[in-house]
Amino acid sequence: MRKISLLKTLATAAVAIGASFSALAADPIKIGSVLSVTGPAAFLGDPELKTLQLYVENINKAGGVLGRQLQLVHYDDGSDAAKANAFGKRLIEDDKVDIIVGGTTTGSTMSMVPLVEKAEMPFISLAGAVVIVEPVKKWVFKTPHTDRMAAEKVFEDMKKRGLTKIALLSDTSGFGASGKKETEALAPKAGMTLLASETYGPKDTDITPQLTKIKNTAGVQAVFVFGFGQGGAVVNKNYKQLGITLPLYHAHGVASEEFIKLSGPAAEGLRLPAAALLVAEKLAANDPQKPVVTGYRKAYNDRYKEDVSTFGGHAYDGLMLAVEAMKRAGTTDKAKVRDAIEATKGYIGTGGKVNMSPTDHMGLDLSAFRMLEVKNGDWALIN
Amino acid sequence: MSQFLQFLFSGITVGATYALAALGFTLIYNASNVINFAQGEFIMLGGMLVFFFLQAGLPMPVAIFLAIAIPAIVGMLIEKFTIEPAREADVVTLIIITIGVSLVIRGVIQVWLGKGTHSYPAFSGNDPILIGGATLLPQSLWVLGITALVVVALWYFFSRTLAGKAILATSCNPLAAQLVGVNTQWVLLVSFALSAALGAIGGVLLTPITLTSYDVGIMLGLKGFVAVVVGGLGSGLGAVVGGLLVGIIEAMAAGYISSAYKDAVPFILILVILFFLPRGIFGAKVTERV
Amino acid sequence: MNMLRRHKPLLILAAVLLCLPLVLPNNFYYDIAIRMAINAIIVLGLNLLIGFAGQISLGHAGFIGIGAYASAILPTHFNWHPLLAMVAGAVGASVVAAIVARPIFRLKGHYLAMATLGLGIIIAIVIKNEATYTGGPDGMPVPALGIGSFSINGEKQWYWVLAALLLFSFWASRNLIDSPFGRALRALHGSEVASQVMGVDVVRYKVAIFILSAFFASLMGSVTAHYIGFVTPNIADFFHSIELVTMVVVGGMASIYGSLIGAVLLTALPQALSTFEGWETVVFGSILIFCMIFMPRGLVPTLAERFGGRGEDA
Amino acid sequence: MALLDVENLSIAFGGVKAVQNVSFSVEKGIVYSVIGPNGAGKTTLFNLITGVYTPSEGEIRLDGNSIAGAAPHELALRGMARTFQNLQVCMNMSALENVMVGAHLKLDRNLIKAMLRFPSLARRDDQLRDEARELMRFVGLEAYWNLGANSMPYGALKRLEIARALAAKPRILFLDEPAAGLNSKETAEIDELVQKVAESGITVVLVEHDMKMVMNISDRILVLDYGKKLAEGTAQEVRDNPDVIAAYLGSTV
């Protein structure tokens, strides 16, 4: 008996909440979102959520989309993919959203993919791995650059400097594991030799043993670190502590102002591929991305008094792609919106220029990545 | 050789923090038979609070003092409001309570100070010291030195002062201690305050090396628990040896065996040790009375 | 008459499960009900170990992980039939449990807690690291569960499958605790030495119930994997173990009804708290603390006692 | 051949020799008592014989077969049962269930059959329930049969332990201070109960402080002091032994 009454209460509560919302704004467009706002991936999900909240508000102030207000329905999966699956179901079945933007990590995204495919719900993921869009899934799109692109971009730069024998150090998160897989697969094709491959935990406090091993591996010309979050800063500190002088590369998962702050002088000279957002002010005046990234940066800074990260930018792109598609489709009909997203051409976002097609549900090419170097405690563009 | 030395340095530095966490576990366990799963949160509090007070413009020594004093007060509040009312409860129930406490602490810090990762400058620079081809950060010396100091101070406290002996007596037999006039409630409060302060000291010292964020306490606490069990519950010496051992073995495993499986190594170690020594290395053998 | 009285709780549960779909508004609520049932079955098994036999396990998610990944890996990489994979997983989990159980159950209290915790974490790390088969931290998809051309699809079908499984588990658990085997288990919790001199081989019983609960945890891991269609290492991690133990303790140790209530409440709670905007952890932690301080024996036994029930076999 | 033979039995905890070179035999069908001042090693002796402790030295034989070092549950299988000085009642179970646990070895303990509640197992269980009630009546606990053990008074729990031990249908029963902590009326009742048990043909080994009871019902008595055997014999022989009188400080026994 308990069970019935409990569920009944839950059900009525949900209905009541739903009703009060619809009374406030007549028939809003519902943007659903599942993000990792807590847990190990919180530093990705947190700015993503803030960005979505900020821009939904801004768009609504400017009159909304198709004459309707936007309503953001978001859940925190706590960086647990299984929870993402449950919340995804909730968005589709209970909240009946019009589109889903989110899925902070690849795991969360992939756990929702079967749901959205079955429910025929347009879904724009904010996660990195290639598997999300390869093979192409009819209803699934993504905004961030892939891990494979990061490896390609880094290899391109290494070869320019004549570095072909490298050591890989990846973290054990989904991001790092997928990056490791892609890098190892790509290396022989790109003419690179991996002399060592070590891993570390994203929350590790000391990575000197792995770096010592790399340091003592003969012939290594450069070190490529594929990880995200604070672990990357610890790598930098240990790197300096051990006095390793080889050129150091990171992947895009650490691209934030915070990363330099945490690493201190140890970050000096390292390079990484990142979206233009990080160097918004330093872009050439005629760069097509300049107005977009400076605009986003300013809006975010003004509102939250904290530095932007490229991850928030991914959420911005996701929301804008969705909104643009709805505008072009002139409706929120899911199939038409999906078609419109797939037809996106020349959209300029924080991540780069997006050209979607039936065979490419990300729409970015290598030019979307800028190669950056830390100089005097700040990001600098290199060609 | 220099490689081995490097792994050793790395292991000892990390191990010293595990040892401090383990000592905190031991103090509380001895006074109350509770394994405090919130111990790791004190380490987190130490680092986060120093960062917060520095940001607020306080000088370093004041920031450090507050970052140790506040967790000590939090420790006493925990004892007063969650452990004391549940004195008679089961082991599992108490474990769940301390897990609840750790969730609350972590949650409050997360809402208050955000989810970002933070750090502050090392106490005496970042120029590595070269020893036998291996390098050591000055901050590591701080960690080791203060840990050693804490261990000596604790030893003195427990073997030479009345207050310390009162705590020991309570841990042996609370009723008997009460009969000879020890205020056992006071002992519990002091133990919680002391172990919280120990954890916070660890956090304060370690943050310049390892960085901190609202959720670093989980893993540090867990490793501290491993250290306690390796050394033997209730033994202060065991806690220190266990902590260092876990740190060193972890570093050696990462260096020589597999960096992917290094996190599993402490737990494999635990299973192996418990198979052969069911009460850890220094744990007392107890014959049950029937 | 006696028959009816004996089976009254079972009939009530059956009635509840039968009527529940009438009030479930949509698939999302079916989904919650299914997850509640899955947790309830695991918690029933875990409560036999923790509540009735008095042995802690902080690593049960490891066994759930073994089942889930057996169901994901064997059909995907080796073309096994999903049902066969499910059985293989459960047998595998039982074997792992059996191998470690003998040495582990010489241990008591916190040492046992640590050993089981370690076991769970080791399993989770293996799953995370062997990415070639497991897909690593990002996880992998799981094929549908079916026989021949028929496969279980959608929340409504799964609901009935889980309802049947829950009824069976409830019935079997009640049978077990009221049997010679079950009494021996409870006796060794009450007084280990007394049960020994009565002829109970305590280690054998602890090992047996550990294996049994591992077996069911693994089966439910398989069911979870097939139901969600996707599995990640989170299913095996430490926090999941703690979550399950929390369900046991909050619901009530050594209480069959407590297992059900604990699983239902703590499955619903995160969904209910999702509106708290950042304060979820604080609220969740506070609820745990309050529950445990004011009802240290858990909800069901405490309330049963307060409202005059017997509470003993509850 | 004696039912139970103990030869040169010793055990040490740390440096303390709790039992030293104790030897005695218990013939079938008698009431054999062990007495001695507090700390004389009586309970330790019981723990050694029933397998709770492993002896450091010495030999214990049941029916002529060595059983030293065997686990308690193995000894139960050979027909040993006991009660405890410090109550070892399972407080998490009902009184009746406690008694039913006593019959553990007489039952089908299969896990699968239990879960599926096989009819054969269910029938036997119902039968056992009646037998257990009968036993509770035998020890005078019929009023409590439906209660949880945790709601029974101390005196009743003492008898519950005896009922539980009897449920195992033992050949030899060790009673460790069955009357400790009871008032004189209750002690008299226990006295009567022990005699009833002995009359039913079970060999009883008894540790007891109540000398009136011991002298009344014992066929033979063993006196321990500081872990050593001080004297052994019939009630009269022990009563007249000067060493025993000295050990009890001349108190009239």
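Here the chain labels run A, B, C and D in written order, and each chain numbers its own residues starting at 1.
By our rule, a contact is a pair of C-beta atoms (placed from the backbone, for glycine too) under 8 Å apart; a residue touches a chain by one contact, two chains touch by 3 or more.
Nothing here was measured: the structure is a model prediction, and the numbers come from that model.
Novice: Measuring from CA centroids, which chain ends up nearest the centre of the complete protein set?
Specialist: C
Novice: Greatest Cα-centroid separation from subunit A: which chain?
Specialist: Using the mean of the C-alpha atoms as each chain's centre, the farthest one from subunit A is D.
Novice: Take the average of all CA coordinates in subunit A, do the same for subunit C, and state the distance between these two points in whole angstrom.
Specialist: 35
Novice: Measuring from the mean C-alpha position of subunit C to the mean C-alpha position of subunit D, what distance in angstrom results?
Specialist: Once rounded, the distance between the two centres reads 40 Å.
Novice: How many angstrom lie between the CA centroids of subunit B and subunit C, rounded to a whole number?
Specialist: 32
Novice: Which integer distance in Å separates the CA centroid of subunit B from that of subunit D?
Specialist: So the centroids are 48 Å from each other.
Novice: I need the residues of subunit C touching at least two other chains; which ones are they?
Specialist: In subunit C, residues 129, 193, 278, 280-281 touch at least two other chains, as defined above.
Novice: Enumerate the residues of subunit B that touch no fewer than two other chains.
Specialist: Touching at least two other chains: 110, 260, 263, 290.
Novice: Among the residues of subunit D, which are close enough to touch at least two other chains?
Specialist: Counting only residues that touch two or more other chains, subunit D contributes 52, 84, 88.
Novice: Give the list of subunit A residues in touch with subunit C in this complex.
Specialist: My answer: residues 1-4, 6-8, 10-11, 14-15, 17, 37-38, 75-76, 80-83, 85-87, 89-90, 92-94, 105-107, 110-111, 113-114, 129, 131, 172-174, 177-178, 181.
Novice: Along subunit C, where are the residues that touch subunit A in the complex?
Specialist: 12, 16, 19-20, 23-29, 31-33, 35, 128-129, 131, 136-139, 141, 224, 228-232, 234-235, 261, 264-265, 268, 270-272, 274-275, 278, 280-281
Novice: Help me check something: in the complex, which residues belonging to subunit B touch subunit C?
Specialist: On the subunit B side, the touching residues are 29, 35, 82, 85-86, 88-97, 99-104, 106-108, 110-111, 222, 225-226, 229, 233, 260-261, 263-264, 266-268, 270-271, 274-275, 278-280, 288, 290.
Novice: Which of the residues in subunit A end up touching subunit B in this complex?
Specialist: 38-40, 42-43, 46, 172, 198-201, 203, 205-206, 208-210, 212-213, 216, 229-230, 233-234, 237, 240-243, 258, 261-262, 264-266, 306
Novice: In the complex formed with subunit D, which residues of subunit C make contact?
Specialist: 172-173, 175-176, 178-184, 186-187, 189-191, 193-202, 208, 212, 254, 310, 312
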